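Two complexes, one shared chain (chain A), two partners (chain B, chain C).
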Partner chain A sequence: MNRRGFLKLATGGAVGATLLQAEACGMPLRQQKVAKVPAPRLEIPTTCDMCVNKCSLIAIVQGGVVKKLNPNPENPKSRGMLCARGNAGIQQLYDPARIKHPMMRTGERGEGKWKVVSWDEALDFTAQKLSAVKEKYGPQGTLWSSSESFQEQFFRNLGQAFGSPNSVRHPTLCLASVNLAYSLTFGTVPSFDVQNARYIIMSGANRLESFITPDTMDLVASTTDRKARLVYLDPRFTKTAAKADEWYPIRPGTDLAFILAMLNVIIGENRYDKEFVSTYCSGFEQLAEHVKQYSPDWAAEETQISSKHILRVAREFSDAAPRAMYYAGRRSSWYRDDFSMRRGQAILNAIIGNWDRQGGMVPNAKVELGELMFLPWDDPTAPRVDELDRNFPLAAKGDGVYLRLRENVIAGQPYPVKGWMVYKQDPVSGIPDQDKTLQMLRQMDFVGVIDIQMSDTAWFADVILPESTYLERLDPVEMLAGIRPVVVYRQPVVKPLYDTKPLLEIVQGVAKRLNLSQYFDYTMEQWIAEQVKALPMDLPLEYLKKHGVYSSAQFPKYGTTLTPDHRFVTKSGKIELLSRRLQEAGYDPLPIYHPPTQVPEGQFRLVLGRHAFFTHASTTNYPWLNSFSTENTLWIHPKPADSLGIKDSDRIEVASGSGSIRIKARVTPKIRPDCVFMQHGFGKHSPWLRLANSGGSDAQLLETAWDKVSGGAAMHETFVKVRKV
Partner chain B sequence: MKGFSRMRKDIGVLTVGSLVLVGLLALVPLTASPAGQKGNETKGKFYFKQNCKSCHVKDAQGGEITPLSKTQAQWQAYFAKGKHMKGTETLTKYLTPEQLNDALTFLYNHAVDSPQPETCGK
Partner chain C sequence: MTNRPKRYALAIDAKKCIDCKACVVACRAENGVPLGKSRNWINEELRGDWPKLMEVFEPEQCHHCEEPACVRVCPTGASYQRPDGVVAINRSECVGCRYCMIACPYDARFFRDDLGVVEKCDLCARRLDRGELPACVETCPSKVRIFGDLNDPTSEIHQILEKRQYRVKKREAGTGPQIYYLL
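Then we have the complex of A and B:
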């Protein structure tokens, strides 16, 4: 036998042997593929970051790929619910348009020319630029803008350690007037026990459309089960209006008139909770005298809601007490007088005695966490650039007043600010009067952005430091105060897909180069280890890794502050119907009604709103969410639309004193004839956010205006002209 | 030459005067910063937590004390006295005068009657 013959025989023999083996195993000869063993299916609990609510979720991960995000029913706050945005968190992780590497611009700001750089190069550049600004203008020459996140404190600490007093945060664009009004009245901002209420009044808020969370579902259940009556005031017929028992297209800016008239009726007819008021409140006599002037007939003229309805609602509201509430709202950045309206709400809630009672307002309970201790930095010594102490003495110091700050920075007063660090925020897209924001940006010697996507602000930055998404991160444990407080845990469900870092590591990288390492000399694991020491269980970290959330069965608790010796965190120690602190600061100690600016002839008041599938300006580009609304439109009533020759879907131009946009019209009777409405989050500059480039940007239209007391942006004070193009 | 009794009297006056001066000097650091508002608040929080919270927690020795335990005036008065453990020791046993001023600044700014509007997040 030659070699070829031998090889043929050997091969044939081998094949024959294999075939024999296959037959012996009962496998048909044609099914000889080796069965693929699927990767194990993991269920990893973590916490959502698609909006402020921080619901608990369970990530289904297989083969290192996140397949699905499901709710975690162990969280009594989020219960068995994960909304559209929560589910779309997968698209944040796998977004092809994510920023995958540190980048530095090579062309002009906004030109879109970038180079990928190493982390060392990006961090070196950032530190050098910050140092240069500090040397020339002092540390106060830098501005540190941020939005909430579990790691935000590290960013803010860096700014303070650097020596800058100039932090500015998202509440000044959102909830500032509610926070301040309720803090000055009750000493704290309570939660609203919607689930157990029997009568709810809402001014705007639009909770059944703008923000779908479990307590939204409580509202739906309580109203659709006919347990609670919902009275809803809004210039638009929204989904909340559709579900409400009563809807009134209130004249914008007159909600305080409605509230003062309710106070007039409830006090005048002795329908308030006398015992509660005498035990826990101060300033009632002055309030009673003050509201005598605000009759239902007077309010009817202002609000365009008939006095008989105002009268009836006031009586029904007080009859339902204490399970009645005037809901505070969330995004309260409406009018220059918004704070007064929220104070009116707080006072109305107080006098019916719904404080700390089931179905009313409940002070937030907390769960204690430990803290990693280290000797911190010296507090910045320079005054804030927005001159908060002088202009807004009662506003929250750390939040700042964005629009006042911007005016001052543009003017270079009281001193120059030339460096801007931005974290998890898109000021170009999110703040009114976009041209001014861009003007401020262009004046900067340095703009550094920490983000996960190419936001409009990142588009104009000098350096982008990409953060890992929440599904890739280990974060500090967070305590969410509320009627049922919880401690939530966020752990990575997959390894970072790209060359990104969690914020703490980015901050540590910058701090090292600025000789500030001593303030960030710990790992995330060490930070968390200290936090969980205070939790009442053995092996708390293992518990949180397994369950994702801790809650105590002792909650909810009602009435913990309803003791004669309880001291409210106010100047007087009582619930202040008349606010001494407002009085001392030179503001109205009781809310005084000022009529809104009249809508100029031929113009419309622009009102804004949110939808539950978008988180402000940041999630519009995710396809699942964008599919709900692929572009925004301008709502306009058929009557003025007809007089302007505008039909539904026509292209129109909308112009204000700040700028103009072109957008499609939505002609609908669901809005007052004197108003127009548009959704936030569209009309982007950044071509990376191609799905969100459609429609128009409200930031280009909104004019600069702020609430007089809290400084919160007043986003419903803009009047626009509309024409067909 | 002065009589011995006159010398003893002089020494006595001098001693008393010195004691008064020392006593006044001991009080000065605690009251030098008016209302404790010019101290370092961030450091003050650290000093309070590191030095006071080990004892002054719920169910522990000393009872729970937080910034909300006193009004601004009460915190000022407490630090002006500078005493601890029912007057058996001074606060300077635990912190230097500068650190005490920082702690007072923190406690004063977060006292139960202080203006501290709540906000979202930290």
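Then we have the complex of A and C:
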């Protein structure tokens, strides 16, 4: 805001106060009449970072202030939309709870005593502490946790160049089981062509509240304009359920029984795509034999979905093939045998022949980007602390297995880990079993956090290195593989408001002090220049600066892998219905059903999910979003609520084997009587996140359990007791 | 539909609304609407009982009526109708008497304590004048709202209202509401 305008308005005291408030909330200020020449209204294309979808947007900037974020229709993935969170990106930039300077802890961890320090001091301290850990425990004594961003690679590279094998990322809290299951079946993880599908089955993939672009938008358009059929299984009546043609409140943990019975029907009635299966798949005979035991009547008992419906859905599904799909979930960290369920889905999709077909599954296409060559470092020599080779031989090495890793670090096995660098991740509020995360954190000699806001993890850190937000940052160009691959560009729309830095500069600052500068001897501009060289145009950078996104009209392409000589990236070169790699690793090569643990008498199964206006645990403190849900509640069905004497809005205590919280009840028929549900991202410790201090944290309740093949956290295996307080 | 050269209106395909709140936040950002108030909102209705449930979501905002009761009762002329049909408020003329809030059949107006004036949706008049869509229309992931000129036979809204059945809310209020809910 310009100073003259402010003084003019500030003459009315009340109005001035309101404006200050408005500024604090990041609201665009009205144009001031006194400004004779209004600042030019700039429209700057860039890329959203409020969740993982990377939607293209156009920032409206006037006088150095971001006034509005509009969708950029040029991106075929985000399809001209910007969701509630994207619109609230302004509040991330102008958030009063941002970390505005480097800070170091002066009191005990978590006591909240901080001093503002210079970057030199913060970086010196970080490097000294990392060196001290290295000296005592070796480089493997440091742990490097990060979540996805366009700059994350620099952080991971620093950890590796430092010599640590211990990086841990988010997939085992999210989609590791899906990724592994589809990779082992098809040799790759495909996208789903929701836009052209005629029949879609979703198991607890609440796609209308948990946005994935373009699937969310396509799902609405497909089911309304094009009359695709949506069959939806979920213990909870979500917004996706509200839009589904059929909703079945399936007994939690039995989705694989539903899938196996579908396989039983489709194979038993010869409804599979014989030509496709004989040309492209291996292991069909064993599969056919294996699923004979799983009849619809049997599955009806397990799932509590009548066999009549299972039979009909199986027939309709195969009739609609290849424009039919059993849609893969995204956060698939549910049960101890989650991987088997995802393999079942992949196999079901395979035998109806929807692979690489319009309206089915399509292997992701790519746009080539160039790469800057930098000096390589020696690979870390120590084994990973989570002992992946022994515990999860098929899991993705670079991602690690979070919960297993935490167990080992707490136990000091196989070796001590005493330094923890965290980037853009909030393990304290984001990971099941918070007491254990705090236990892991407490045994560290050093905890350094790079973030934009005072997350719960930052609150317990020794040093905080503040990153600039996405609206202030130039990032590497990012290619998003998909049915329509796109290249997105993120450029700063305003100068950094505070004493913050982009991650690359933070990494370079630490690297210099650790004598690792030679591995980071480049600038962001040089990095980007190499990347965009590969784009098929004369002035690629100018194009991206102007458009914010590049995509090619040659997509979508279907059927590129449908030639009999195509080799899938599997052991046999075929789509593996029976997986040889699973067999060799000592796992079941075909998915075998194991019934879920029964809900103990008087308890409930805790299930998790999302609202469209929150991103995991990270946006609950932004007022524009928080206003839709100022605290989280525990959804409980009227029947058990009644017998427990719980009325809507009553304060209740929820207790599991890991912890207990107090929260308000929401009595609603939108959930199975044997389950309760709560939203993620509340009950935070950090007083800076005042609006998210309300309600309770699911991380305190969730117990430690994981899927045995992928290592994905099993977040629906916790049972809770509920009582009125 | 009217003898205006232009008649802006909204068609709303509520079946496509997933209650994601993008329109509400986009409006707040575009128009500086303070927390606790809103120029647009989403009605939710849950029917039935477990497990036979049904839930509908229906976005709503000012209906930009052809015969706006709010304009009729406004003593200062602050509430007015533009030639393109958009009902707007001239803040500098508003004395905050709030007659219009009582007159509006849709409860689409609210009082701003901080400014002492009444406020409501003006279909982002500033954006319209720049040739842009209203923020709620543009930002929507599932493209629930169709905005356009009813009098332009080539417009999407004109064509969709010729093809599809629709209803308006509270027709009996006699104000000629211009949000057409597609059936």
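The rule is simple: the second predicted complex is superposed on the first by the 686 of 725 C-alpha atoms of A that agree within 3 Å, B and C clash if a C-alpha of one lies under 4 Å from a C-alpha of the other, contacts with A are read in each partner's own complex, and residues count from 1 in each chain.
As a convention for this text, a residue touches a chain if its C-beta (ideal position, glycine included) is under 8 Å from a C-beta of that chain, and two chains touch if they have at least 3 such contacts.
Computed from a predicted structure; not experimentally measured.
S.K.: Clash or fit: what happens to chain B and chain C when chain A is overlaid?
M.R.: With chain A aligned, chain B clears chain C, so fit.
S.K.: Mind telling me which of the two, chain B or chain C, contacts the most residues of chain A?
M.R.: Chain A has more residues touched by C than by the other partner.
S.K.: If you stack the two complexes on chain A, which partner ends up touching A:A39: first (chain B), second (chain C), both, or neither?
M.R.: After superposing on A, A:A39 lies clear of both chain B and chain C.
S.K.: Once the structures are superposed on A, label A:L184 by its partner contacts, choosing first (chain B), second (chain C), both or neither.
M.R.: Only chain B is touched by A:L184; chain C is not.
S.K.: Report for A:V116: first if it touches chain B alone, second if chain C alone, otherwise both or neither.
M.R.: neither
S.K.: Looking at A:G573 after the superposition, I want to know if it touches chain B, chain C, both of them or none. Which is it: first, second, both, neither?
M.R.: A:G573 contacts chain B only, not chain C.
S.K.: Applying the document's definition of touch, where does A:E371 land relative to chain B and chain C: first, second, both, or neither?
M.R.: first
S.K.: Going by the contact rule set out at the top, does A:L539 touch chain B (first), chain C (second), both, or neither?
M.R.: Neither partner.
S.K.: After superposition on the shared chain, which partner residues are touched by A:V65: those of chain B (first), chain C (second), both, or neither?
M.R.: neither
S.K.: Can you report the least C-alpha distance between chain B and chain C in the superposed arrangement, rounded to whole Å?
M.R.: Minimum over all C-alpha pairs of chain B and chain C: 23 Å.
S.K.: Would you mind writing out the residues of chain C in touch with chain A in their complex?
M.R.: These residues of chain C touch chain A: 13, 15-16, 18-22, 24-26, 28-30, 32, 34-36, 46, 48-51, 53-57, 114-115, 135, 138-143.
S.K.: Would you pull the chain A residues touching chain B in the complex into a rising list?
M.R.: So the residues of chain A in touch with chain B come to 52, 148-149, 152-153, 156, 160, 169-171, 174-176, 179-180, 182-184, 188-189, 371, 373-379, 394-396, 398-399, 567, 569-573, 581.
S.K.: Mind pulling up the chain B residues that touch chain A in the complex?
M.R.: Touch list, chain B to chain A: 40-43, 45-46, 49-50, 68, 112-122.
S.K.: Which bits of chain A are touching chain C when the two form their complex?
M.R.: Chain A reaches chain C through residues 14-15, 18, 22, 25, 27-30, 68-71, 79-84, 86-88, 90, 208-209, 211, 216-217, 220-221, 224, 237, 239, 241-243, 247, 249, 612-613, 623-625, 627-628, 637-638, 669-670, 672-673.
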